[in-house]
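Take a look at these structures.
One chain, subunit A, appears in both complexes that follow, with subunit B as partner in the first and subunit C in the second.
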Partner chain A sequence: MRTHSVSVLVTALVTGALVRPAMVVPAAPAGAAGTIGGKVTYTGTPPKMKPIDMAKEPNCVTQHAAAPVLTENVVTGPGNTLRWVVVYISAGDQGSAPATETVRLDQKGCQYIPHVLVVQPNQPLDIYNNDPHSHNIHPLARVNPEWNRSQPAGAPPIHTKWELPEFIPVKCNVHPWMHGWHMVLTTSHYAVTGEDGAFTLSGLPPGKYTVTAWQEQFGTQSQDVTITGGETKTANFVFKATPY
Partner chain B sequence: MGKLFALVLTIITVVSTAIFVLRVWWLPADISAHGPQIDHQLMETMVSSGVLFVLSQLALALFVWKYADRRDGRKVREFPGGATPMVAAAVVLVGAEILALTLVGSKVWAGIYQTPPDPNSLQIDVQAEQFAFYFRYPGPDGRFGAIHPELMNEATENFFGLDPARDTTARDDIVVPTLAIPVGRPILLTLRAKDVNHAFYVPELRIQQDFVPGLVIPLHFTATQPGKYEIVCTQLCGLGHYNMRAYVEVMPQPQFDQWLKDKAAQQ
Partner chain C sequence: MRSYTRWVAVVSGWGVLLLAAGAASLRAQESHIGKLTGHAAAGKDLYRRYCVGCHGPDGDGAGENAPWIDPKPRDFTLAVFKCRSTPTGTLPTDQDLLNAMTRGFVTTNMPPWRPLTNQHRADLVAYIKTFSSKWKTLKPGTPITIPAEPRLTIESVLHGRGLYQKMECWKCHGSKGHADGPSAATLTDNKDLPIRPYDFATGSRFMCGVTNEDLYKIFMTGLDGTPMPSFADNLQPADAWDLVHFLRTLQPLKTPEAALWKAWLAAHAAELKPIGPGGPGGGGGGGR
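Moving on to the complex of A and B:
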């Protein structure tokens, strides 16, 4: 799945080396931070997301009476964009400060909100139950210690954290359709795509980076991007989708 | 004091008998074709054990009333031959009753569980897992897709481990968390367990059957009354056992056909 755009990069560098000396280009201040932005899209036919029947938990049926919730493993937007893709610097990060702000995960209407959340190691994570019934949150961690806790209605939030980098699928033991991801990343340069599939990784000092995009069903793709100053580079990702 | 105890014994006997005779605690109304046999057998068991219960309790109360407070120092008379023949007689008597009930009851049970299903049964596959039930209908092609346990994935709602990418018969399989069945048509359920033992229990259908991992257990019945009834797991299967339930919706054939069509469109 790893797509190297080395040839593109080489071409760009060579072209730049040939053309630039002849042009008057205002030099970026030394050490100015650059940005990598782009869009995540798919080609082909993605799987059809199914409506989730929550009959077992009548309260959740009522909460979603207007429109049933769909599965979220491949969420698309207009223009073949992909939502819930985590784009991050997987190599070349020149030091990310530890994150201290608390990340919040809600359980509401028998769904994990957000579906995909990113935390850094040891970043505080609070898990709330907003439903009038129990949930049983079960992160299927393999590198970090796996745990499994029941959270009845009205229970205080669970204060927790993840210590080691890992992509952790999370499920609810009483509502099998509930599914989410905790992405523990060492870098602070990450983005989770919205419906427009767009991402921006800013504040990148000059250097050579590997940018990786992860989608829960389609896997990962990576590109190498070099930032030479206060510039914005584009890195688009295209995943190949199949209906089944 | 002995008389008070005798009185309490009598009150307990009368109240607990009344609870059953007046049907204060009883099974919900039967909605299955085979249910009358079960209910008949249950009634026979209740009556025969109930009569013995009442007689023995009242005999106990009578003896307590009559003899507990006697302080005339007369020697207590023993059962002829001592305790051993008395216990042996009780074991034989009670054993004979239990054996008789078992033999008659097994015949009824086997008549329901050990008979082949109607060849025109509607077959529905049932998967039990911690802590939910899922039901699978074969879809318009009338065939079930093969099951691949390694492909089971709750996140993609692939509860049965289907492989629609390679198996075209799996593509139209209808997987739902509610069991819908047409009224009056024989139903054949095939029970599978993904993880541990579970049970399929619908009191109104007079059906209770365990799921055992590794076994595909057939279960057949015919529902006679439309309505919505609860399916509960009656095998302690883990932390979320209390919340392991689903519903069976018994509906007229045309409504069922429409329901199946709607669900097929969502697959």
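Moving on to the complex of A and C:
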């Protein structure tokens, strides 16, 4: 009896494995790809972003003489929108080609530009220092190797890449207010929200997807979305903001 | 009954396999230092006797003494190490780990472990590598090449001084090496804990050794996990040696560098611009 049930299980597993490829959605006919779009907003009271005191680096004070730079961990827009939220397909991705175009990170006026960047594993990443003084780039990676390299004024860009998926906080020890994120995602379906909090994930063949939104202070949220053809589905995300 | 015994056989069979696999992976964790081969299995008992109090049973640096220790004990699960012969972002060699354990870390609670035999220390190296899977997926870096130290000259020291300004070492280590630069007070390590830069005025040993070559390695590999970056991208070996010569003059020690510098200063002190924001090269933007 036991043997029997085991063999049934094994048969099920084996046939499952054999049948599975046939069950995968056949190559989507051209034009049938769908889109998931939406907006990221908050409810509640988000923390107020504080002006950064760059007195340690007089040159950066000068660069921002017109308006002091604010911290960027919660950046909001009109209509309670949230900026710098990474929205991506966290499950159901039916294959993403490796990305080959180079992503650029600038250090200018003692800030990381952009504050949040997304790269895919092994995608080239170039880091530039546009300031007339040095920075040290210190990604606090855990899954990938952690490194720390000095980049003096006028030094050539650092050519690097990340091999494994990970959300990596990056800091400069010389200028402790400098803080950014390198988001290493295996999927090519991602977006980083701007001031309007909007995102669009396009080119999605029919299938069941999990869409995840990540905000550095409020964490992640996910929802399932099914795409059946060349349609546009809406997925809005609302983060509960607390002032601390 | 019959099926029960069969299940027992199956389960225990898998158990034996799993145990064997576990033992195999432990056996796979060896260290190789010169002619020595260290074994993780042997290192485990030594670890429990000598290291567990601070580094903890899981190797995460959370041993029972850890709350009272500053800087905190190394977290081996991160596989990030300060003293390496290998470039920043790479694993150290077994020899590097053995050297660190043997030498201890001056100004911290990590003592030199010279009383243990070489074999014991090699076993411990093998064991601490079992705390992170990075030791299975990555290879140690290739040690940096250090050319022979060139002859000490006043030109070398002066050029090194220019580099101390240009590379902005002073931003943390201070214009006179007293660890009082503008960024010194806010430095944090990779766990966001406060950390101090090396104060040359103490004249104490460096974190990673005492020789000029050790000093060369410190800034050309960086002390991973700390704010000290690698300068290898922007310093040629000749520059690096010049910087070593200058750094030695910052220590209140009877070194050839300090003697040469003192003699030169006696006649030329007025020619020097002070290091710092207004120093040669301004904020560091100046060319060579």
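Keep this in mind: the second predicted complex is superposed on the first by the 213 of 244 C-alpha atoms of A that agree within 3 Å, B and C clash if a C-alpha of one lies under 4 Å from a C-alpha of the other, contacts with A are read in each partner's own complex, and residues count from 1 in each chain.
Convention: contacts are C-beta pairs under 8 Å (C-beta built on N, C-alpha and C of every residue); 3 or more make two chains touch, one makes a residue touch a chain.
Because the structure is a prediction, the values reported are computed rather than measured.
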Combined model on subunit A where subunit B meets subunit C, clash or fit: clash
Partner chain(s) touched by A:244 [first = subunit B, second = subunit C, both, neither]: first
Which superposed partner A:147 touches (first subunit B, second subunit C, both, neither): second
Partner chain(s) touched by A:43 [first = subunit B, second = subunit C, both, neither]: neither
Which of subunit B and subunit C A:102 touches, first, second, both or neither: neither
Partner chain(s) touched by A:158 [first = subunit B, second = subunit C, both, neither]: second
Partner chain(s) touched by A:176 [first = subunit B, second = subunit C, both, neither]: both
Which superposed partner A:59 touches (first subunit B, second subunit C, both, neither): second
Contacts of A:134 with subunit B and subunit C, given as first, second, both or neither: both
Which of subunit B and subunit C A:71 touches, first, second, both or neither: first
Selected from 41-49, 221-229, 239-247 or 257-265: the stretch of subunit B that, after superposition, runs into subunit C: 239-247
Overlap of subunit C and subunit B interfaces on subunit A (superposed complexes): 56, 134, 136, 148, 150, 173-176
Subunit B - residues contacting subunit A, complex: 129-132, 154-157, 159, 164-165, 171, 176-178, 238-240, 243, 245-247, 266-267
Contact set on subunit A toward subunit C in their complex: 1-3, 56-59, 132-134, 136-138, 140, 142, 145-156, 158, 173-176
Residues of subunit C that touch subunit A when the two form their complex: 3, 6-7, 78, 80, 88-91, 134, 138, 166-168, 171-172, 182-183, 186-188, 190, 222, 224-234, 277, 282-285, 287
Residue numbers on subunit A that touch subunit B, as the complex places them: 47, 50-56, 71, 73, 134, 136, 148, 150, 169, 171, 173-177, 179, 216-217, 242, 244
